[in-house]
């Protein structure tokens, strides 16, 4: 705790994920007084055909 | 917002997903006064060996 | 299975929730060949101060 | 209901998953008076590069 | 990691929750070779009017 | 999309939440090339009696 889950379209590079979790952890530590080693993050990569907005799959846009 | 996550066994066709997100978005718009472009849907496809009911994996049934 | 989770701002009436789950279940049954009694829905009501878009809490908009 | 979601690093064997869902279902049935056939479990397998602790991806440790 | 989320109808006693998390942690440790202190559990209590099966709110049954 | 869910013990102030969502949105925008108005965040506040580590409820520690 805290646990953060990020749902994002697939296709981010390893370096982007690296910066993403580093940055988010810093924000959580600084704003919520959490210890860094308590911050767990899961990245949930979503395929375009498994995500929709306004009733239309992203793979159809 | 609203955000809808659907956990479902893998194996639906693209056309089924298309009708699924179209229909759900219409229901949310009609019953909750949400604007269509605010409705986000994620489909979470589950393998049979990663789902269980009554203590038994679906891949074992 | 299928399991659907809906995150939505708090404040919907009981009748809205009733129509919401009825409609979504029908869509899932019709598009995914699921039996109605297999469709589980959770409504996750969110306070405005616990939801943000573009970096701003909805309670601050 | 109850619905249990388990986020765990990928790499468990089928037999481990089998024992995991069997054991968790027994616990839920025994402690919460739930009927076994009402207990649904989803295993969410996570890649090392999609999980982080203390701001560092598990694939970087 | 592992992180377990349990969605369950509200109304369990503190003692039931105590036994629930104790038992589930033991199962995860024994079947997945996880260290106990790595096992995080969240209980997500659901109101009857926020859960539905077969298209009907549990508060309406 | 992206959608971020943060599970955290209850008790953060409004100002902490404000800084939390502002900071996380900036990180996501900067590392993943997402537009700010596409970043949705949900804060999931957890009671101590609904969270456990190492098999023990946080309210019992």
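For clarity, chains are labelled A, B, C, D, E and F in written order, and residue numbers in each chain start from 1.
In the analysis below, a residue touches a chain if its C-beta (ideal position, glycine included) is under 8 Å from a C-beta of that chain, and two chains touch if they have at least 3 such contacts.
The shown structure was predicted, so the numbers you read here are calculated from the model rather than taken from an experiment.
Where the contacts of chain D and chain E overlap, which chains show up?
Per touch definition, common to chain D and chain E: A, C.
Using the contact definition stated above, find the chains touching both chain D and chain F.
Touching chain D as well as chain F, we find A, B, C, E.
Work out which of A-D, D-E or B-C repeats the contact pattern of A-B, with more than half of the residue-numbered contact pairs in common.
Over half of the A-B contact pairs recur in A-D.
Would you mind working out whether chain A and chain D touch using mostly the same residue numbers, over half shared, or mostly different ones?
Counting shared over all numbers used gives less than one half: different.
For chain B and chain F, what's the span in angstrom between their mean Cα positions?
Here the centre of chain F sits 24 Å away from the centre of chain B.
At what distance in angstrom does the C-alpha mean of chain F lie from that of chain A?
11
Round to the nearest whole Å and give the separation of the Cα centres of chain B and chain E.
Result: the chain centres lie 21 Å from each other.
Pull out every residue in chain B that's touching 2 or more other chains.
Only 1, 3, 7, 24, 26, 40, 42, 46, 51, 53 qualify.
Viewed as a graph of touching chains, is the assembly arranged as a line, ring, star, complete set, or other?
Chain contacts: none of line, ring, star or complete; other.
What are all the chain pairs that meet the touch criterion?
Pairs satisfying the touch definition: A-B, A-D, A-E, A-F, B-C, B-D, B-F, C-D, C-E, C-F, D-E, E-F.
If you look only at chain A, which of its residues touch chain B in the complex?
Within the complex, chain A contacts chain B at residues 7, 46, 49-57, 59-60.
Which residues of chain E touch chain F in the complex?
On the chain E side, the touching residues are 14, 17-18, 21-22, 24-26, 36-37, 39-45.
For the complex, which residues does chain D have touching chain E?
1-9, 12, 16, 19-20, 23-24, 26-28, 30-32, 34, 46, 51, 53, 58
Which stretch or stretches of chain B touch chain F in the complex?
Residues in contact with chain F: 1, 3, 40, 42.
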